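Residue numbering begins at 1 within each chain, and the chains themselves are lettered A, B and C in the order written.
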Amino acid sequence: MSDPEESKPDTTSPGEPEESPRPATGEGEAKAEAPIEASAGEGAAAEPVETPETAEEEAAQKAAAAAAAKAKAEAAAQAKAAAEAAKPPWERDPRVPEWQEAGDDPLAAAVAAQHGDGLLAARTFAGDLALDLAPGALREVAADLKHSHGYTLLVDICGAHYPDREEGDFEVVYHLYCFEQNRRVRLRVRTDEHGEVPSVVSVWEGANWPEREAWDMFGIRFADHPDLTRILMWEGFNGHPLRKEFPVEGVDTGAAIYPEYYEEEAGPVAGTGTGWKPTPPPEPEPSEPAPADEPQEAGSADPAP
Amino acid sequence: MTESIETPTPDGETLFGLEEMELNFGPQHPATHGVLRLKLKVDGERIIGCYPIIGYLHRGTEKLFELSPFFQNIPHTDRMDYVAAATNNLAYVGAVEKLLGLVVPPRARYIRTILSELQRLSSHLLWLATHAIDIGAMTPFFYTFRERELILDLFEEYCGARLTLNCMRPGGQPYDLPVGWTDRCRELVDLFPAAIEEYGGLLTENRIWKKRTIGVGVLTAEKALAYGVTGPMLRGSGIQWDLRKAMPYEAYDEVDFDVPVFHNCDTYDRYLVRMEEMRQSTRILDQCLKQLPEGPIMGKRPRVLKAPKDSEVYHGIEGPKGEIGFYIVGDGKQQPYRCRVRPPSFYNLQVLPDMVEGLLLADLVAVIGTTDIVLGEIDR
Amino acid sequence: MPQVLIDHLLMPVLKIGVVVGMVMGVITYLVLAERKILGFIQVRVGPNRVGPWGLLQPIADVAKLLVKEDVIPRRAVKWAFVLGPCLVVAPALVIFAVVPFGPPSTVTGGEQNWFITDINVGLLFVLAFATIGVYGIILGGWASNSKFSLLGGLRSAAQMISYEVPQGFTLVVPLLMAGTMSLNGIVMAQYEQQVWFAFKFLPLGLLAFFIYLVAGIAESNRNPFDLPEAESELVAGFHTEYSGMRFALFFLGEYANMIVISAVAVTLFLGGWLPPFPNVGWLSFLGLGLPPAIAGLFWFTFKLFCFLFVYIWFRGTFPRYRFDQLMELGWKWLIPLAFANVLLTGLVKILL
């Protein structure tokens, strides 16, 4: 049997406020939890035997005061907190992680010292250190992390799209891993549709494909990438599917790819079937290559009508 | 084979005007494990260039993740690496739990460990089968599938599905183990070491097998790190790193197992790593079955899973093919705002052109086999 | 009908018909046997749906292949594409003309010899016709106008020509031992010397036999030397583009080659139709008390099937060699060994 106090080991949660009652626990939530607790069965280790004693002692000390009602409420909250703490972790209310400033983290401090303005913010969430970087500083920081801080393994690169942001609606997220410290770090770089993020292929060769994927899926450009072509979608595909405005049903790509089969604007439209016309035009030119070579960047951000 | 006849004369022309041939290897080819396409440049049978083309199985899984609530996304994860659904589930629910701060009761953690080790066995068995058949040994295929069938039966008994399991939930397990399941699992664990020896007896000391795999597809540790290669391929390149040990999740810190590592960086060593991993998985299963605690299988969790506003987590676990991780961004809704999969095969495949350059066509097949790719995961 | 016509027309034609029919029958059921034996090796059942124990499976297979659409790729070279499969099958069948299935009339005292013909350069005849088969494969591979086929054809050319050398060298050994090139003469020499040539001048005979075995497997493109059609590498090698009956001909050719090589091996090294240990008196019951012709036929077939079983056994057991390793084995090991073997055998023969 495992130690019940032990939570998931890799979530090295930042603070350890095990005993403090969560301020978020309001009455409504407590009521909502009641049936779940009742149904939790015999696994609930907490018996509400001891805690009321202390609560009542405290209440007795303040009994003379007129604020008995208030004290009772306080006591109830304390009792609840104590009962909560006595329960095994999986019976307690889930503690939702929160962002915490991590400027004093040694790594963040080192990066800040070396790259100054390049580091925009350093925070942790659920134990993961996230460094927000300026695009210009990315490659230097990455190389620095790899060569002087031991973050030798590039875990992942991915893009994300935040169209509601006022500026920099694309984000590239890098996950790195350090073997010596057994720790991951996340780098985030904001850019926009026309901006460029420096490619880190020169730092990690393995960045090639994920950067291509970020280009393919989001249209994020990477400067100095050796082969920035589509990887999951086909060459000549029109649009970037993981953008938020891209419809799930797909968009008209036929006209761009099969000009001899589709009239202008006559390709498949989102959600309306394929629109494929079975009969080819009477005289297809055999010498003419069928697919359009250009991926038609201009219309790429076009959502379907 | 030698370069003498191709050596250009001082005029820059080759003696016989030899030219390289472009060979389209795949996407429909018996040895590309699905729909991998390789544009090869070959000189006779020697590969002088290799350009992988992927995406034939692209289904937009990451887009689909953004549509459905956290619960309903679990089946999508089954269909990525479809021979290792349980570990995909585990990585995903682990990330969701991290995002929401859920804690899993011990019994559920043990059940998850058992399921993912069974899945590792079944995935490695499939790898061994196809790897051997790629190199021309067809018999191990049937031996491994004999045992894989037993594992799939166990899965079926647990959750009703054999391949796309959908067998985990954020916060715990959906079902407890059926009556007698542990006994049947115990039987499997007891017979498995002998089965591994049987496969090894067919291959490990086979001279042709050794000739075909030793020194083929060398992937140095530096290359492996530079390309983000993880899992058995990294361990076959001499780096002893396993997320189960490095960042233990579920019940892995309560069981005793070794992380195999071999230092020759070739196909044979990766074969040995995976064979040893199967033995270690059997050990883990054995201990888990012995230590399996009683108790609840579902921790406390909100009725409706809502990601906190402006939240993001990354959670990676050791899948059969390497680190499978999920990066989830939440925006206060029931759906993930963005859910990125870190597919191990994607990174492992990326290094293929480096590994096969200068090898023969037959070695290419061996190297594809040893990377153990699943295109469903690469293309998503 | 005058006797001369019976002797020189009717009987040979009858014999040819019987032999070809038998070989075809053996091939179809060899396929079934292979599938059954592989099934046994691979913990499964094998075909068992068509007829009892799957006995009608070969017939179903043949019927399927006959009625399948016969596709000729548009850009293939038609005449070569059509000629290829024929060039594989025909020579393999022709070789049976010189294989003695049973004792000659001088031994049985009967009217007929148990072989179609007895050429005094039978061994050369075998070698010559065995070589033609490779043209069919190369032609088929080249004419398909497919890169995989071409690679398969090239592999096949290199492999078969390389392995013909040790095979040819090692055939000299029984030739030296027997002093004749006629296959029938070689068996008769084993009959007279009362020893199988595989066990003569030990270990020289045995070595020659093993070299022939390895080279023979390589010649017939079987595991572990099935590179020309390596499924996981070249899709199907030289017959990637073939379908229907033309594919069946390639298939037929491969199995006919297996049988031919086995038959020649049995004839040259394992005493042909002789029973085991013809020199040991108390083992003479192995003649089975049957007329020598029938016993001879039985032993010939028995040895042939043992040999074929080895082929299938190899297929179930071994991974595939790589191309350069195959060449290395052929040129660096088999050819020097075979050459030394011939020299030593000659030396021993002179000295004894």
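By our rule, a contact is a pair of C-beta atoms (placed from the backbone, for glycine too) under 8 Å apart; a residue touches a chain by one contact, two chains touch by 3 or more.
Given the structure is predicted, the values throughout are model-derived calculations rather than measurements.
*Asks:* Tally the contacting C-beta pairs at the A-B interface and at the B-C interface, and name the larger one.
*Replies:* A-B
*Asks:* Which one of the chains is farthest from chain A, going by Cα centres?
*Replies:* Farthest chain from chain A, going by C-alpha centroids: C.
*Asks:* Find the geometric centre of each of chain A and chain C from their Cα atoms only, then give the gap between the two centres in Å, rounded to an integer.
*Replies:* Whole-Å distance between the two chain centres: 66.
*Asks:* In whole angstrom, how far does the Cα centroid of chain A sit from the Cα centroid of chain B?
*Replies:* 23
*Asks:* Return the distance between the CA-based centres of chain B and chain C, expressed in whole Å.
*Replies:* 44
*Asks:* For chain B, which residues count as touching chain C in their complex?
*Replies:* Per the stated touch rule, the residues are 1, 21, 23-24, 29-31, 44-45, 132-139, 141-143, 146, 202-203, 206, 208-209, 211-212, 360-365.
*Asks:* Of all residues in chain B, which touch chain A in the complex?
*Replies:* Contact set of chain B toward chain A: 54-55, 58, 60, 62-64, 67, 94, 97-106, 109, 172, 223, 225-230, 239, 241, 246-249, 251, 253-254, 291, 293, 295-296, 299-303, 308, 310-316, 323, 325, 327, 329, 338, 340, 342, 346-347, 350-351, 379-380.
*Asks:* Help me check something: in the complex, which residues belonging to chain C touch chain B?
*Replies:* 38, 41-44, 147-148, 151, 154-155, 223-224, 226-227, 230-235, 315-325
*Asks:* Using the touch rule from the top, collect the residues of chain A that touch chain B in their complex.
*Replies:* Going by the criterion above, the answer is residues 1-2, 4, 7-11, 32-33, 36-37, 40-41, 43, 88-99, 125-126, 128, 130, 152-156, 158, 160-161, 173, 175, 179, 182, 184, 186, 204-206, 208-210, 217, 230-234, 241-242, 246, 248.
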